[in-house]
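Each of the two complexes below includes chain A, the first together with chain B, the second together with chain C.
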Partner chain A sequence: MKRFFLLAMILIPGLTLGQSKFTLNGYVKDASNGEELIGVTVYVHELKTGTATNVYGFYALSLPQGSYEITFSSVGYQPVRKSVELTRNMEFNVELPVQITEMDEIVVTGDALDANVTDIKMSRNEINVKQVKRLPALFGEPDIIKTIQMLPGVSSAGEGTSSFFVRGGSADQNLILIDEAPVYDPSHLFGLFSVFNADVIKESELYRGGIPSRFGGRLSSILEVRTKDGNNKKLEGSGGIGSLASRIMLEGPIRKEKSSFIVSARRSYVDLFLRAAGEENTVHFYDVNAKVNWKHNNNNRFFAAIYLGRDVFDFDDTFGFDWGNATATFRWNHLFNDRLFSNTSIIASNFDYAMELDDESQGFKWTSNIREVTLKEDLNYFVSPSVELNFGYHVSYRSFEPGVIEPNSDRSLFTRTELQNEFALDHAFYLENQHKISNKLTLLYGARLSIFQSIGESDIYLYEDPQDNVNIVRTDTLSFDNFENIKTFVNLEPRFSARYMLNPASSVKFSYNRMVQNTHLISAGTVPIPFNTWAPTSYYLEPQLADQIAVGYFRNFKDNAFEFSAEAYYKDINNVTDFADNAEIFFNEDLSTEYRQGDSWSYGLELMLQKKEGRFTGFTSYTWSRTERDIPDVNLNEPFLANYDRRHNFNIVGTYELNNKWTFGANFTYTTGRPFTLPSGKYQYEDYQVDLITERNASKLPDFHRLDLSATLIPQNKRGRKWQGSWVFSIYNAYSRKNAFTIYTQTPEDSNGEPIRNQKEARLIYLFPILPSVTYNVKF
Partner chain B sequence: MKKVFILLVLVAGLWSCEDSVNISLNDAPPVLVVDAWINNKPEVQVIRLSQSQPFFESELPPPVSGAEITVSSSEGNTFTFSEEGVPGEYRWNPITNGNSIGAIGTTYQLSIRVDDESYTAVSQINRVPAIDSITFTFEEERNPFQPEGYYGEFVSTDPVGVGDTYWIRTFKNGIYQNRPFDLTIAFDAGFSQGGVIDGVVFIQPIQDAVNPLNEDLDEIVPYEIGDSLYVEIHSITNEAFFFLQEVQIQTQRDGGFDEIFAEPLENVPTNIINVNENSTRRAIGYFCVSAVESRGRRLTE
Partner chain C sequence: MKNIIKTFALLLLFNACDEPITIDSDSVEPVVIIEGLVTDQMTSHYVRVSRSVDFYDDVAVEPVLDAQVSIRDDQGNLYSFDHNPWNNAEQQGYYYSDIEFAGQVGTTYSLTVTIGEEVYRASDRLQPIMAIDSLTVSLDEDEFDDPEDPGYYYEVLFFAREPQDRKDFYLFKFYRNDSILRDDEDDIYFSDDDLLAEEINGIPTAGYYSLGDQARVEMYSMSRQGFIYYNDLINLLQGDGGMFGAPPVNPRTNLDNDALGFFQVSAVVSEEIAIEF
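For the complex of A and B:
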């Protein structure tokens, strides 16, 4: 650590430890429930300068002795102006009252009014959970991922999936965090819903560029979801009944103002009806989120959070499978002194799946998992109002168990077969300095040093030709003991951002970042499925590297009521992981012979106009982009369009509050069709008609567009009633367009069901026609 | 794995729908297709040459005539396949020529000369186990998929040693069952390479594969008194196994939800090589030489 401080001294210009300066610091909270507020602007009128609260609601300012007028402001809250006589280091906690408007307006919480323009961050969006809840939703289940898929620079594989693609990155290049713990598969029901229960989400933001140094490990984006801490003033609850699932949440103080808890659960219940109807095939999923936090004193706060979620499919009690994530986070926020804020976290994450067939002779159970334990030490050092230093150290231990097949009866013909487990240690050091050069120019510069070790216990097979996946000839085996180093990969990830104010309402921003990814998803499909496994960078798999630059113009109109941004980016990825043609990715002991790493590049232009206040709120986004891949041995070594390449992508998301009773919402999305592969010819072999394929992803699906509508009704409350209900009516795919999920070809059949030889037909699969749904929510 | 996905289709049939659509494709230029699957049975062996076609064309594949085809063995024999009568069909008769496909372990080289290009391919004849018996068992209705009736099975034991690959062909009442879902291949005694089921009797689902499905592919048609069942096991090379596995993946596509998670289409591999590396003309298809064991039985009272 000492080294870091030394380095910090050198890096920080204008670092003064003047005797006449004192520190003002504290937490900013929501006055109604005690939730800490993120990104609140703290403005010192006398010095025309300020800061913002960090992700834990903490701020610190180092100011010369004197009296100051300080305003704390955030969208959705009444600004609070305080006079402070700074004669010593001071702790100053503030609570902001929620803005009372005539109507229950939806506002984005925790953001400075003009953050779009003034914040150094670019290529970043917050997802407003309150608004998501009023938007039309598939089967009435509000889902932040579905809104994320409409942001600029983000695309989806179609509908009904929880995967998303950011700026030409594949779905596994997104780091999805819930309370800092990674979620390896965010899907329920193969992606119909995401694992994020909207009730419990406090804040969620997506970074697709200008990624801060404290994040690493994935190439393309960071989706950070933080759950609520729980109301520390009074006991509250809410619940909801939807077409597919129901939810309940309870939160309240344990010791008033000192500690609080929140518990939330969600379960789908279609299976209950199915069982009642005598149906033997059932499907269900559930989620549980729980969190406690306690404030030991202002210098020490503790949080513990868990998430558990699982999907269970059962067919006739003979065949079934399930998958789920479990994460746990323990966090300690500590103030070393007035200026040094520390966050220590211990994080565990587990993703596993199982598949089981009950059969006397063919019975088996197949299991697989990925686990990780991470220790993070993140420090914020508030050097002066214009210099803020962030640095830290992260270490993770990961184990990858790609699969075990076990017989589950004595007579089963299966023998226990286990694929090689893999292990890895991942260290990262980072240092980042946010430096306000002048009122116009702010810089953020830093770097992350990633040290990734592939470690034992493991056997590495050597091959005659490591890339020959047909004639696999093992020549030797290298054996490694527990924790023995197999190979170390060191990468430096520079990060740089700059913001220049053109005038008080507009700015230009620039960012460059390099990202390294050492966990690779083993998937050859268009959409990842929960049965895909992950592999670490290792003997046969190089780290994936991405360099991205982005420039942007940001402007607010009408007193920050409208926010506009235009960004252009170029991203270049080396060693992007792909697979040989006809790769066998399931249960393959020689999987490494299927790896093919190549290049990928993407560029695009993104426009966004957002309105966060007033009766009408929402955003519209347009993205033009192009993404290609060039993988050795694939597509005859020619570059091809990635399956997540989309030329045009246009979205509108909005809600309108008509009056106290009614709020209306709508989503509209239009995107160019997804590239996919169709045969370009056919031939006869023996008696089989075989497709001839010449080019990968050379065809395009028809364009995708869809309109969804919703209406939220809050009935007038009777006097004295302790609870408030609301109805959300949704219409998904209002004009019932048959949007292609994919197109496939087959041999058609005649009217007798006999295949017609020498004929082929194309068939389009679409998932959802018009789908109405109703959800009832209650708050108490 | 296949079974898993079939079951997934069941789940998702709930919410996915499909329609026939018209699409236009960029047709690939035609390439030479070599269907050279020969065996050691004492009967006329046929190699077929044809051309690939535009995908939506409904004509029969155009034959390729006028080729010179020979197969030469590591034992020093050369067999000449000649085009007699049917265009594109090149025949060689082991009986009239007085020699035959040789012993297990022999390698063969196929040479084709057509349209000023030369193509070549290599295969080896591998061991094959005998079929010990064919039995019929009367079963009550087990589920809608397996109605009441006589079910056939064959008993054969994969020899010890990992890496034997087979193609199992079924003839019901003398008719070769050659629809996509009838294609049965085995890696040792199991379905695929990963299972490592070696040196034992073929696993039950492979033994059961001699019971063909109905036209709708949703029910097995049991055998009736008087029906005959004839089973052949062809030894194939491992590469040929992977080739057929890809043919299986491609032709056994049954649409629906399965397609949502389907991996992108990729070319089925080939072992036919143009001798001139610089030529842009290429060939597809497969050359494989099999040893064959067979047994038949008629279901009687």
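For the complex of A and C:
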């Protein structure tokens, strides 16, 4: 620990300065609904310097005594210029009016106009939820994950899945946070939709590199989704009916300007029709988001948020399964003094699934869950306008219950079987300094110290050969009590970013980060399913480590109307968790014999052009990348292309506002098909026709491309009407391309349905032909 | 994993889109495939030797007619095998022991197949098997209401006592009037006993029967190696191409020298029942 504080001393060059200075601080909010605004530029004209609001809408500036002209500006809002006479420490809260344009333009909130170039962050994108709502959507359900899958450096496993792969990382290497709480499975209906209801999202951003020190625990990306706080000025609501699900949202003040709430719910309703039509197999999902916040005073504000979501599948009332996430966040923002901002959070997250067969002779219930409780203390110290220090401590307690199978009738053939539970304590200390060296050069440097403990209560089996998954011979058992330390893993994760302005419209950036992942997904496929479990770093699993460097060139054109970026990266992963060929990953008491950790490396070039203002907004991205893996005992110990390797990936996302009534949107995506293992022959065993496999992922699926179109109609409002409706018409897969979801093989059948025993055929599954949908939304 | 794809397809409220596609399947050097079975029944046991063929070939395999096949047990007995001794056109590539013998529980049998210069070996141990208590016939009401094949709505239930004091692996084969019966062409019915309680009280066997049919259930004991082989085989047969499940890979086998297939040694019990009132 001593070294940590020593590091802190070195990292705080501004600490000894600023004796005769005063602090100006406060919150910047949206004047229409009181939502705090993130990333608002606060510019001091006299000093030609400034800062930006943090993720809680808070800013602080330390300035010499004097009078200043200060401008607060953010895309989509009218800039506000204020005169301030600074003779003492001052609290100065500002509300920015929404920019009233001729048309209801889509604008990206919460960013300085030139942030693309001036911000030190790179490899980071915001997902504009307002725009997502006007883009074509599968079954009319707007979904931010579908837009994330089109960002540079991000790929998907094909359509109809909520998994995404960032810079050669697998789907479990993304830390997905909703109001700071991790979501272990972001999918509804096996990934057709994500758990994120677009109605409640305030901000969402994806970091694929240059990851700030306050984040850790996953190798490849951070997806941070923050929900709205609720309008603290007036009661508002909205709702929508899509082809598959309907939504309702209500927000408003509890005590005006002091406290507010928001509740939102979404439920799919096809099961109601299916039941009415006598169908015995049904499925539904729902989401509930709720949040309250209250401002005790300017120094203390509190937030409490929950998310609940679940999918329920029911087959004939006898067999069914369900899964769901539940998260809760309690947050306390506190100002210790004018310059020290604190965020204390208590976070809980639960993911569980169950599968049940109701049958006298073979009934069972299978349950599994992962739970965690986290305490986070994050501090922002605004040392001077050029130095901002972030530091904190996070601790999580996690419990992994991989599975229990219980008979649910006396005569069932099953006996109660429980897999070994695992527990872990995860500590992290971090310290990071954003240091403006000059007007041209800004540095962000810091580190995160991860201390991970695998703890009891647990039994560790010792094996004659821990990697032999055929002849498993347990030689001994090590027993550990509750909270007894089994093994400790300490890793230092350095983080460094630099931005150098070439001229006011262009900059170059560099970043290096090391990430550590101590929570491992037990899945051997490309796309995780909810029935995959997670396991902590432990006696038989080493922490996964990723080192990534990225360089980028950033340039804005036409008065910041167009933003261009070009980034190149190289990522090297050690101990990437994978599994032996033929691994049994479901309900295996000796799962550790299947673990195979190896190497993975990825490199790529990413280009992006984005337009955030005007009638036409959108982005286009192109990514060239290559990702390989080398895993012991897999593919005869030869390196192979990762399942999610994509050589080319090209996307266009755009909306055009024709007039007040009509807005049009389009998505186009083209990617190289994903690597695939095709049989190189066949043979017969008994009367089974068996594929002969020679090399993993040596072939590719056909290239994937698809065009989607949408039109949003906002009818003219009748005078005196209290509500505003709008229609979103979508056409998914406009030219009905048969995009391969996967290919499988089988013994073909003749016209009488009898198997043709000397032949074998390959079949292609594609999910969606052309698919129109309509969504009706209402605001009141 | 294919079941997940099927469930997934069920979600899509339109016709599941599934069509044949021609894949680029390069010719590779054929691989030797060996399939052998020694049981505790007094009979002439078989070993089948073949080579893999190209994916789109019209034959299932290329039989190997000139292999030297023998089995030795750990009691010092050596059994020689002859190719297709009864000159049956359907038995190309099948080798039969030149005498009838019954495998003994607890004995290890070692197979040697020689093709030209190459020698392939495997061994497996004959495990004991529990008895089948009984079979019963029951009318499946769902199937009666909406039969897939008209008249076929009886199912056969299986009763047994699973020995809880030892580790067992089972392979089942179901027959309807002496024809093998499966729910799906690529199904294999097998189990370990990890999750099993002692009493097995009437679990349904595969498929449906009509009145007058004769049902037969065969149960084979297996080694763990055999269980792993069938587990890997079903994953390969029913895999989803590496989407939700693992990418396809050849099953682990007890054969050496890169041969595929399996040499299985089993105790067998069987039980029959007539489908009648």
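Throughout what follows, the second predicted complex is superposed on the first by the 766 of 780 C-alpha atoms of A that agree within 3 Å, B and C clash if a C-alpha of one lies under 4 Å from a C-alpha of the other, contacts with A are read in each partner's own complex, and residues count from 1 in each chain.
Methods note: contacts are C-beta pairs under 8 Å (C-beta built on N, C-alpha and C of every residue); 3 or more make two chains touch, one makes a residue touch a chain.
On a predicted model such as this, the values are computed, not experimentally measured, just so you know.
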| item | value |
| --- | --- |
| Side-by-side fit of chain B and chain C on chain A, or clash | clash |
| Touched partner set for A:S361, first chain B, second chain C, both or neither | both |
| Contacts of A:V132 with chain B and chain C, given as first, second, both or neither | neither |
| Touching partner for A:F319 - first (chain B), second (chain C), both, neither | first |
| Contacts of A:N752 with chain B and chain C, given as first, second, both or neither | first |
| First (chain B), second (chain C), both or neither touched by A:P407 | second |
| Which superposed partner A:N697 touches (first chain B, second chain C, both, neither) | both |
| Contacts of A:I631 with chain B and chain C, given as first, second, both or neither | neither |
| Chain C-contacting residues of chain A that also contact chain B | 160, 190, 281, 283, 313, 361-362, 413-415, 417, 470-471, 524-527, 529, 581-582, 584, 587, 589, 643, 676-694, 696-697, 699, 738, 740-744, 746, 755, 758-769 |
| Touch list for chain A against partner chain C, complex | 157, 160, 189-190, 192, 270, 281, 283, 313, 316, 360-362, 364, 405, 407, 411-415, 417, 470-471, 524-527, 529, 579, 581-585, 587, 589, 643, 676-694, 696-697, 699, 738, 740-744, 746-749, 755, 757-769, 771 |
| Footprint of chain A on chain B - complex, ascending | 1, 3-4, 7, 10-12, 15-23, 25-28, 30-31, 33, 35, 37, 50-61, 176, 178-180, 183, 190, 193-197, 200, 203-205, 215-216, 238-239, 242, 246-247, 250-251, 253-257, 259-269, 284-286 |
| In the complex with chain A, residue positions of chain C that touch it | 1-2, 4-5, 7-14, 16-28, 30-31, 33, 35, 50-61, 142, 157, 162, 180, 185-186, 188, 194-204, 224-225, 228, 231-233, 235-237, 239-252, 260-262 |
| Footprint of chain B on chain A - complex, ascending | 160, 190, 281, 283, 313, 315, 319, 321, 355, 357, 361-362, 413-415, 417, 470-471, 524-527, 529, 581-582, 584, 586-589, 643, 676-699, 738, 740-746, 752-756, 758-769 |
